[in-house]
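Presented below are the structures under discussion, each in the form of structure tokens.
Both complexes shown next keep chain A, but they swap its partner, so chain B is in the first and chain C is in the second.
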Partner chain A sequence: MSQSSFDQYANRPEYRAVLKRLEEWLGAHGRSSLDPRVLAREWPDVKAEQLASAIQSLVKAGVLEQVFRVLTPNGVLADGEFPDPSEIPEKLPDRSNNYFETAEADIIPVFKRHVA
Partner chain B sequence: MADYKELEDALGLVGELCTSEQIQSLLRTRKGTDQVRITAESKDDLIGRNLRTAIEARAIPLDAVFNLIREAEENGNQHIFYFRSRTKKLNDAMNREFFGQQLWGANWERHTASFPAIRLKPNDFKYSDLHRPNPRKPRDWLLKIYGDSLITRATGKAERRGDNVVWREFVEEPLRIVLIARWNSPDLLEIRVQRDESRRRIDAWVSQVWQMLKPALVREQFEEWDLSDAMKQLILAQEKNRKVYEFRDASLVDGEGGGVHANFNTFSDAGNLFASVSAKRSIQDFMSADSSCNGLTVTWLPDANRTPPKELRTILKAKRANEIVAIGHCTAQDLDHVTEQLRSIRKSS
Partner chain C sequence: MALSAAQATQELLRRIDENPTERGRIIKAYYAELVAAGETETANLILTIRAITMARDDEKAVPPWFPVAGFISLGITILFFMALTIASMFQKEVPQSSRYLVVIVMSLAVAASFSFLGGSAVASGKIPIFKDSPLGFSVGGGIAVFVIVFALGNHYYL
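And now, the complex of A and B:
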């Protein structure tokens, strides 16, 4: 297996393969947030706890940071990311620019590359 | 130019409207100069200490701070309504001097001498700036209007008081309003208003701009610049222009009399609809039949000159046929890039 620059964050050997895949995913989807639910669907062969632990090790190392996103009533991500759920406005525009109440909406944690 | 006494107001606006990166880029233009420090522990320090010190030491001119404010509040997070002039005579005559004279008479320069004015007039609208937004287009001008209003907003809190009685809480809040009319030569007038959750307010602000353009310009001199054909062409020619733009959302209406509405959205806010072969085929099938597109979110990609410098999203035909919504902050150059792309694709349709 080729060496991954994320290897250094593997606190257990079995995370190496997941970290390598995460690195490749981030390289290919540089502009997207990393949503663990989407990855879990795309990678059925990876155990959920391994994926969660690998992501957490990248957060601890300062490679990724957690932010919060809001789902529109249509079930897609609204524009805007928030460092804390308390900073989400009461209303946000959906993809057609119609405003919806965020109190009724699902809030999901996602991860993005940390920018210093 | 505004009086130096307005520095406090200007710094307050910089804090509200500008990002730390924008402020640091301004400071970087004078990097190495005495009294200019780029880094700060917080945005408050960056403005209250670094920027203030640089201005007081005259290392950064106050004009540059006003330009920073202009850039931040005039471009992006807006609805833009396009209108095309009905006559070539008006196009040929139009420039900043002509417009100024039509609006304020022969002494128009006396009116503009105090611009940019950054203070608001309580509960009213006032002219605050008239400038040339693009040095490469000398016939263009941008008129800015500031408004101040008190709005009533529901907080979402409700309290039951006795049987069958529920009290809902509303709060009154001041709202700072920025309205813009931008002449984009040779023939387009753009009316820009800030994004807001109330459509009623947006429509009222557009009417307010028309009201304040009188007597220089009246609505009857213009027609709506309908984006429908341009949107169809954008969809059909996407393959050829794949390095210029992508789509994130599309709202389509079947033209065969079935009244079928179809919405396509990528799950991610940064997704590309045409990355799905099925979505691409369906959307293009809709457009090749006699169907219409009632909303299209276009992601404009950076070109070789880094224009826009990062992806810029606009919703075309958000409500009206001549309306776009610019999502997020961008530069004047970015918005002009979008208008030029629409002009170009419209010509080819």
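And now, the complex of A and C:
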């Protein structure tokens, strides 16, 4: 991971604080992927638009890579990552290997650390 | 005409509200529509905003079975004490050595009733406090009620 500050990716001044927190969070958690729903719960004080914009600015800068995943009817993410929602198949297996219709399911963007 | 992220999010939510069982298909179609219009950044942004708001809404909401569980707990508690009352009318009182168990049952039942009914009341806005954390109210309130009822029962009944 680059040591450069995420601050440089702030295209608007109000995102600086969020980007700084994101940088610290990614550094502290060491996860390979970032689910925005986790941050949404952990940071209730950050507005949804600000958090989403800060994450998207990191995607734009190539720090994070965006993929799409599908929520199973049980509310967990199904296996399979797709670069575009249009590539999501009509059916996917849930954790019990029962296939469900993705047309009825939520699509969640998930962000992976871009390893250069 | 380019949509703002807020307008695009509202439009997506409106379409999903119209047909919530087809949300996956709607999200795919709307994303493709925005990308085709050259609004890829907006498309990505609104799906991220939606994931964030969904997570926050889920956390705020209490499960739909909460009020049902609350009324069941309350009903069982009332029946339990009615049975004790009727038994005492026939000189079948709870032995002194078992009263501790009655206090525990009473504390658990009252705490569960409060927890489930209180949590759902907060979530639905009927109680204008802790409206951002009904589950926190439910758990914290339930524990507090348990401690209070247990202490009172211990003092007055044993």
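Operating definition for what follows: the second predicted complex is superposed on the first by the 101 of 116 C-alpha atoms of A that agree within 3 Å, B and C clash if a C-alpha of one lies under 4 Å from a C-alpha of the other, contacts with A are read in each partner's own complex, and residues count from 1 in each chain.
To be clear about the criterion, a contact is a pair of C-beta atoms (placed from the backbone, for glycine too) under 8 Å apart; a residue touches a chain by one contact, two chains touch by 3 or more.
For clarity, every value in this text was computed on a predicted model and none was experimentally measured.
Trainee: In the superposed arrangement, does A:Q56 touch chain B (first), chain C (second), both or neither?
Mentor: Only chain C; A:Q56 stays clear of chain B.
Trainee: Taking the superposition on A as described, I'd like to know which of chain B and chain C A:A103 touches: first, second, both or neither.
Mentor: both
Trainee: Using the touch definition from the top, say if A:V70 reaches chain B (first), chain C (second), both or neither.
Mentor: Once the two structures are laid over each other on A, A:V70 reaches chain C alone.
Trainee: Would you check which partner chain A:A78 touches, where first means chain B only, second means chain C only, and both and neither mean what they say?
Mentor: first
Trainee: Decide which partner touches more residues of chain A, taking chain B and chain C as the two options.
Mentor: C
Trainee: Shared contact residues on chain A for chain B and chain C?
Mentor: 35, 38, 101, 103
Trainee: Given the complex with chain B, which residues does chain A contribute to the contact?
Mentor: Against chain B, the touching part of chain A is residues 31-33, 35, 38, 69, 74-79, 90-91, 93, 95-97, 99, 101, 103.
Trainee: Please output the residues of chain B touching chain A within their complex, sorted ascending.
Mentor: Against chain A, the touching part of chain B is residues 155-156, 195, 197, 248-249, 251, 263, 265-271, 295, 297, 311, 313, 315, 318-319, 325, 327-328.
Trainee: Under the definition above, what is the set of chain C residues touching chain A in their complex?
Mentor: Checking each residue of chain C against chain A gives 5-6, 21-25, 27-28, 31-32, 41, 44-45, 47-49, 51-56, 59, 132.
Trainee: Mind pulling up the chain A residues that touch chain C in the complex?
Mentor: Checking each residue of chain A against chain C gives 35-41, 44, 48-49, 51-53, 55-56, 59-60, 66, 68, 70, 84-86, 88, 101-109.
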